[in-house]
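Chain IDs A, B, C and D follow the sequence of writing; residue 1 opens each chain.
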């Protein structure tokens, strides 16, 4: 394997406290080493460029059944934007829901090395893994959804944490999943009858359990197992005016719970796409709707065991997709566009609706502002991560644009003054007008690699350039000394990495993708004590209520996960 | 106005894809440059010169350019696609996608055209002195934005799915029309001067359809309202007004529900 | 000792039953019995063992007779045909595994093919309708556990999906449907008094070809608006009754089949059925599920979806993917003389396309990859028999509700026979050699 | 004996599925799919007995099949041939630019053809195409 030495770049590595210093970065046998430890390396001249560990995406919808439904039912999302293969690249296409090839190439061009697929319906795990397998370059994992699963609902009604944990361990193993995702706890099961759970103390029909019990139980089971990642939550009433109170109720469930794990993770609850959960007011009208990002982030600032990602609205035509079935139904009534929904037996559901965040409307502008506010109010950027909840708030390809907005008050003012129709009104109803903070490159490195790596329990592999970590390095054509004059340079540079080294392989060379890398699928094998009751429950449910046999449920073999990276945890001690 | 004359020299064995034949692309180019422009036959790349003799030259801009095709191009797709200005005249038959996604200018086809003409069109004029195929002025697959502006006039008959997901503009069909007219229509006007078959205005939200001749089977979601005398496209007539589709969603304006309107001429 | 293989997945229809048990001879070479399968599924397993099976590729001679060739020769012929053609069609892809479909997609991309699957003559109309208005759906287990109103519209599961009603839709005693068929009201809409219709609580025997109007009338009735006295031959009172019944259920489901996808209106019929379902969700819970035919036609659409973004009717000739049924669809391409070579795998257009399209195939260079002798193999220039997927080789397949299940290998294929994936790999390698040389 | 006009549709049957999987070149496939199902009333109009070979013609082709009594009837006005090459010798290839031929709802004429034989699938397709 080739050794690499990246010389003369401005290096940003918050984990090591390196803030723009010119430090040489060396890679040997696929790992970061001290610069002195490489012999005869290929030298990459990063003069005038920014060097960071490769990006880590904690939450994106890029693989699996609903993503593919998003592709297949939106040919118009690909009209005139499919491009031919060139060099070693295959053909690619799609704007808001790119094909797996475009997803991989986009991540590479943005300097990313790891992406977490944010929602995997267990029964469809094979599908998710087939797409992950066919997405080259980047390492990926997937989070199975648990918040509406019948086993979980039944166990947590009685607060049976050990049984819940045993079931979770079994399911992670069956589906080759990475951790616990919880979407609209209880609400999606209620959607099986066309209903919803809007507040944390609403009762799930028949199962007689509340979202509060589900969230609390999942967090406890997560820490019981000592999983690398914490419970990853999309709470109730996403996108509803006035939902910030429900968000605070959800976050407070984690109060006093301490992280238990061997991976250096410090949080127990990750609230994903916080933007959608910070709304005040009673309707979407500008006289009522208001931002509550400050209230929510202030609470998170006041505790130490919660992280979140932003979910910034990028003002594009995009495709919304979530396991929050009732929300998508609601959305389909707002814009009258096509609506796909799939309820999944015993487990979960999902919905998909195209959506246009039209900058000529007040509400889209307000959502845009709130997402950025969530990034600007954070005190510790190690706990706030940049996402667009791709493709829900905006397409994956817009990450660099979000960086631009976070890093430049001028760029934000430009949107408020020139792009948005109701910029002034949005300044009044949101906090964006009072925020002049500009995220630094050092902070950006926290919000896009060091932080997410830590919360995923992967800081021993990703997120930093510390010797011993994976040889995942991105070099961006951005000179932090001279390129500060024009925010557009930020967007360009972070969307067009000059170099990406992934696992010690040179993937992007002078802006061109030259290697498909050695893609791995990460999953967590959690060992638990034998639990005959849970085993019996599983067998019973398969015999009576599933439409596949228990033996045919297991994702196995090289076809689905040809290059696994298994993280072992053991809660039997 | 500068004129480019393209005369077909051979019929493609398969089909020629020639989206470069628009005033926009030909503007600013001389005959040799135009002959060198690419077209595609299957996976092979060809030049327009392989299939046409080229006379004249494009004007400075699309608006200054007239393109004339003298001859049969019934095995040539995408003529006038995305055209924004200027004029394009086809003296012969043409294949699919004539004027697809056009935004301005004028296309005249003195002959028949095949399906998907004026797909997703937002402006300009498409005149067909002959018959048109299916999906005239409709939306591309999956899109909810069909024809949004401009005008399509067909002197002969038209196929099925005319004006599917239409949102604006006008389509006039001089002759008869096949099934599914104005399906999912949400704006604009369709005038059918001949007979329609079935499925006129199915799932119609808004917009106006006039049918001068017969409709074989009326959609069950249309209700007769009243008779009116109207002038439509220069013709005066006595019409029965139906509103629908009652099975479909409708918006309200000042408390009044807005339906799609279907006028049948007596 | 007879050996029993359990949890076997049936590679016939989109129901994709996964509870079959297959009894094998002592040496594991012979299939003796197939348990739990329907008659068609059992035949598929047993026929794989036919003594007169073709086991080697064969090339048609000038005089119409067949000459045996090697797989390498067949791959070479196939690769050359695809590389030399300006616009080849690669059709089928439904009776095979997702991994074979993946290799096929790479070949299609390399040679710039038009690629289409059997949805084009089956549920292609459905795919178009879903693109226009979406699809509120559910997995089959969700229906087994909850549905109390079940509609079969233009489909006849008693014949086409024989175990559907017993496994998923009518008879199962689910979590919330403990009384099985007694928990459910069954509706059938069909112009024939089918064996499925005979089981129904309500049979609407509509006039053939008027599904669009009748579905529209159901929407009108759901909204409580006025209807004409008869629609599609059905009296309005009955339409109101059906609408009320569907609204009053706790969970209504519509299954539909080729009665609507094949009849006048095609995608519009399904579009309207989907809109009925969408409307019902304003009153109760409702889902709609297409009765997909081939056991892995769904998978083919999925694989192409994630690789190219479209589920069928792909035109890759210009190096990037384009899609538009009516233009890039097999039958339109054939009828309009847009093609100069045809490759078929995992389907039989010879039997299932209009004869006018088959005549076009017969005139072109053609390769048919199929374990069976079929009308397609009869008109093709090269016939490449391969192992039966789901019997002699495993692989992933997608059920009609998109649930992926891994089919099993039960017995070895006859000595020296390749699987379709192996053959496709040979073709891909040869295509790359030819292109490298060019 | 008279020629009758009827609306033709097609579809699957168990026998079609079983015989298809047993080999389309075999007589069983012909016996399962080379048939036209008609109501009793149609046989009366046609003036022939059940299980008689008939010639079915449409604008798009002609085929000989055996007319049998409707197994899933009555279905007034409809003739029914199981999905397969016999039905497809008759259907309307018009896709209305959707990709889908109009497989169901083909107007056909049926008349008795007792002397003619029903070809097996391979012979039929060979005769039609080669």
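The rule is short, and it goes like this: contacts are C-beta pairs under 8 Å (C-beta built on N, C-alpha and C of every residue); 3 or more make two chains touch, one makes a residue touch a chain.
Nothing here was measured: the structure is a model prediction, and the numbers come from that model.
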item	value
Shared chain contacts [subunit B and subunit D, defined touch]	C
Remotest chain, subunit B as reference, centres from CA atoms	A
Geometric centre: closest chain by C-alpha means	C
Between B-C and C-D, the pair joined by more C-beta contacts	C-D
Geometric centre distance via CA averages, subunit D-subunit C, whole Å	22
Intercentroid distance (Cα basis), subunit C paired with subunit B, Å	34
Inter-chain centre distance, subunit A versus subunit B - centres from mean C-alpha coordinates, in Å	44
Subunit A and subunit D, separation of their C-alpha mean positions in angstrom	56
Set of subunit C residues in contact with two or more other chains	128, 131-132, 264, 318-319, 323-327
Contacts with two or more other chains, residues of subunit A listed in rising order	73-75, 77, 337-338
Multi-chain contact residues (two or more partners), subunit D	96-97
Chain contact graph, described as a line, ring, star, complete graph or other shape	other
Sites on subunit C touched by subunit D in the complex	12-13, 38-40, 43-44, 47, 50, 64, 120-121, 124-125, 128, 156, 158-160, 162, 191-195, 197-198, 205, 208-209, 258-259, 261-264, 266-267, 312-313, 325-332, 335, 348, 350-359, 361-362, 372-375, 378-379
Sites on subunit D touched by subunit B in the complex	96-97
In the complex with subunit B, residue positions of subunit C that touch it	85-87, 111-112, 128, 131-132, 210, 212-213, 216-220, 222-223, 225-228, 231, 264-265, 268, 271-272, 275, 279, 317-319, 323-327, 336-340
Subunit D - residues contacting subunit C, complex	7, 9-14, 16-18, 20-25, 60-61, 70, 72-75, 77-78, 80, 83-85, 88-89, 91-93, 95-105, 121-122, 124-126, 128-130
Contact footprint of subunit C on subunit B as seen in their complex	13-15, 17, 40-44, 77, 96, 115-116, 134-135, 140-142, 144, 165, 179-180, 183-184, 198-199, 202-203, 217-221, 223, 245-248
